[in-house]
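Common to both upcoming complexes is chain A, partnered first by chain B, then by chain C.
Now for the complex of A and B:
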């Protein structure tokens, strides 16, 4: 694991969970049920649901092991899709602009910035209408593990042209791989992920998540041209996918881009090579997640 | 593997030759330029496992990732709402979906639950569907993509797995 990968692996987000007040027993002040967590960017929100419910379950009207109601998070009335890594959800839903972050949020060393999320419960039908994959709270760990394995199968297929590398993992390998995420063990994670990721990938597994003008999550087809790999940059991809947002590699020529490329909370230089971008910034499910941050008038 | 152009061309062929007209238990079929949408009654072998199940809904779409047809499905069930005394149709989510769907003889398929945006329309929202993992599709179907690949795929993924 190189320096960049190590720093990204350690990236975290401060999260404050507030329980929907309608779910609390009468007389329980909502302030009593606040849960503050520092969560790794490279992890899943639902992994902390058992901890949240352990701390707040006694204040809730509902039985949290109920099969009828599904836990879900929302941010400013927008559903938070638990099947994506925490980092990309935070970057996209808050419209994070790293250049503005320090000036806006860290005015003093004594201040801490946190992402405030509300935890609620909904029926399976409501989940579906809001685009949330339903899962039972007492089986949240298994649900996300199963989803994560499917993500790796897809990533493996895109990278290699087939899923044989991950399909040849034993159950023990899969368990060790998953434990490396739960235990935050970068060495174990890299050992196993390197068995899947080839030196000369066929294609790159990339997800672009944008919230404006509407929520849109896309999987662009990114073919690596091994005969001319120096040609493909972040700008090449962005220009192809969003020709109206990205006009130039830099803003020196008089026409201006209206969006920035953000990954793991960092603004990515448009001239960066796509393969280098993928290898350093990929997430723990084999995909590279990108969010778009739009320039404001003050920019 | 099949290209998007070939997939869309074979969709037209399926529509023209009425290949799905004889699908058993079928309530409705809609074939568009990009996908097939089907609603059927529930086959007996599934009702025998869960008598609340009411109907099956399918979408056959093209997977850009796998460059294969992809079968999405949802199972609808009918429940009585004890509070209001009315019946409600809801999606059935099953933690052991493979055991419910597959006959014991079919153990090479895996099912995932994921979000899909069915139309490439920026304004359409994602919805939740079960999908049959397509990573070994080419080996399972066999033969050349130009020779009724989609018909052969439908025969296995829709008719054989779901006994339709």
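Now for the complex of A and C:
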């Protein structure tokens, strides 16, 4: 694991969870149910549900192991999908611009910035309408584990042309792989993920999570041309996907890009090689998550 | 002769009713139908009539050609309020480009291009006929899951692409097709229980 990978693995987000006041027993002040957490960017929100419910369950009107209601997070009335890594959700939903981050959030050393989310419960019908994948709260860890392994199978298929490499993992390997995420063990994680990722992949599993002007998540086909120098950089991909936003690799020829590429809370240089970008910035599910941020007037 | 005709019509209506009631019996019905026709053959005469009968039955059941997965209206989700305020801080020229891009994206999503999906059953689950269906490329994969559950009258259906992985229900079908198509078809295997854990 190199320095970049190690730093990214340690990346975290401060999150404050507030329970929907309508779900609280009468007389319980909502302030008492606040849960403050520092969560790894490379992890899933759903994994902290048992901890939140353990702390707040006694204040709730309904049984949290109920099969009827599904816990879900929202940020300013927008559902926060549990099946994406925390880092990409934070970057996109808050419209993170790394260049503005320090000025905006860290005005003094005594301040910390946190992401305020609300935890609510909804019926399966409401879940479907909001695009939330239903799961039972008492089996949230199993739900996300199953989802995560299929994400890896899909990533493996894109990288290798089939999913044989991960399908040949023993149950023990799969368990170790999953535990490496739960226990935040980067060495174990890299050891196992390197068995899936080929040295010279032909295609890359990439997700582009756009927030503005409307939320749009896409999985473009990204073929790396190993035979010549075409289509190898981040700019090549961006120019193809967003030709109106990205005009030049460098803003020095009179025409300017209006957006920048963000991954793991960091602005990515457009001249970076796609393969290098993928290998260093990929998430714990084998996909590389990208968000876009626009240059504002203050930029 | 009239009795035979009545028997034939009777067996046809029974066949239609049974197929409406239970899709599981699709294959068995066709084979039993064929036996009926063999018996009828001596009366009605020629193979040509049998072929005509099958042709008519296929058109009645919609087994010819391809069916279509009903589309759902694609809802564009607005960003959180605080984040959407970023748009107000953008330079005017940027805002124009963003607006133009949004219009282009909306136009593309309304083009309604269709792609083919080939459904393959795994294990003891009803066979979906026709096995190849068309779907709008801008639909989410969750639409396919809902379609299968409705058509097969099942509470749970597990779907896999290329017998390998279960995709994220949010994924756009057209993108899955582009990434994993085999001979211009996205192969979706389906099962009533977990097949590839």
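We take it that the second predicted complex is superposed on the first by the 296 of 299 C-alpha atoms of A that agree within 3 Å, B and C clash if a C-alpha of one lies under 4 Å from a C-alpha of the other, contacts with A are read in each partner's own complex, and residues count from 1 in each chain.
In the analysis below, contacts are C-beta pairs under 8 Å (C-beta built on N, C-alpha and C of every residue); 3 or more make two chains touch, one makes a residue touch a chain.
Because the structure is a prediction, the values reported are computed rather than measured.
Novice: After the alignment on chain A, I want to confirm one thing: do chain B and chain C clash, or do they fit together?
Specialist: By the criteria stated at the top, chain C and chain B clash after superposition.
Novice: Looking at A:125, would you say it contacts chain B, chain C, both, or neither? Reply first, second, both or neither.
Specialist: A:125 contacts chain B only, not chain C.
Novice: Should A:167 be classified as contacting the first partner (chain B), the second (chain C), both, or neither?
Specialist: The answer is both, since A:167 touches chain B and chain C.
Novice: Given the touch rule stated above, what does A:8 touch, chain B (first), chain C (second), both, or neither?
Specialist: After superposing on A, A:8 lies clear of both chain B and chain C.
Novice: I'd like to know which partner A:212 touches here: chain B for first, chain C for second, both or neither.
Specialist: The second partner, chain C, only.
Novice: Is chain A touched at more residues by chain B or by chain C?
Specialist: Larger number of chain A residues touched: C.
Novice: Touching A:75 in the superposition: chain B (first), chain C (second), both, neither?
Specialist: It touches chain C, and chain B stays clear.
Novice: With the two complexes superposed on chain A, say which partner A:139 touches: chain B (first), chain C (second), both, or neither.
Specialist: First partner only, chain B.
Novice: First (chain B), second (chain C), both or neither: which does A:159 touch?
Specialist: Neither partner.
Novice: Tell me which partner A:88 touches in the superposition: chain B (first), chain C (second), both or neither.
Specialist: neither
Novice: Can you tell me which of the listed chain C stretches (5-13, 59-67, 77-85 or 95-103) runs into chain B once everything is aligned on A?
Specialist: The segment of chain C occupying space taken by chain B is 59-67.
Novice: Both chain B and chain C touch chain A; at which residues?
Specialist: 81, 83, 128, 131, 133, 146-147, 150, 153-154, 157-158, 162-163, 167, 213-217, 219, 221
Novice: Over in the complex, which chain A residues touch chain B? Could you list them?
Specialist: 81, 83, 123-125, 127-129, 131-134, 136, 139, 142, 146-147, 150, 153-154, 157-158, 162-163, 167, 205, 213-217, 219, 221
Novice: Would you pull the chain B residues touching chain A in the complex into a rising list?
Specialist: Going by the criterion above, the answer is residues 64-66, 88, 90-91, 93, 95, 110, 112-115, 117, 122-123, 125-128, 133, 135-136.
Novice: Where on chain C does chain A make contact in their complex?
Specialist: Interface residues on chain C, with respect to chain A: 76-84, 86-87, 89-91, 93-94, 97-102, 104-105, 142, 161-162, 164-172, 175-176, 178-180, 196-197.
Novice: Would you tell me which residues of chain A are touching chain C in their complex?
Specialist: 75-78, 81, 83, 93-95, 97, 128, 131, 133, 146-147, 149-151, 153-154, 157-158, 162-163, 167, 203, 211-221, 242, 244-245, 258, 294-298
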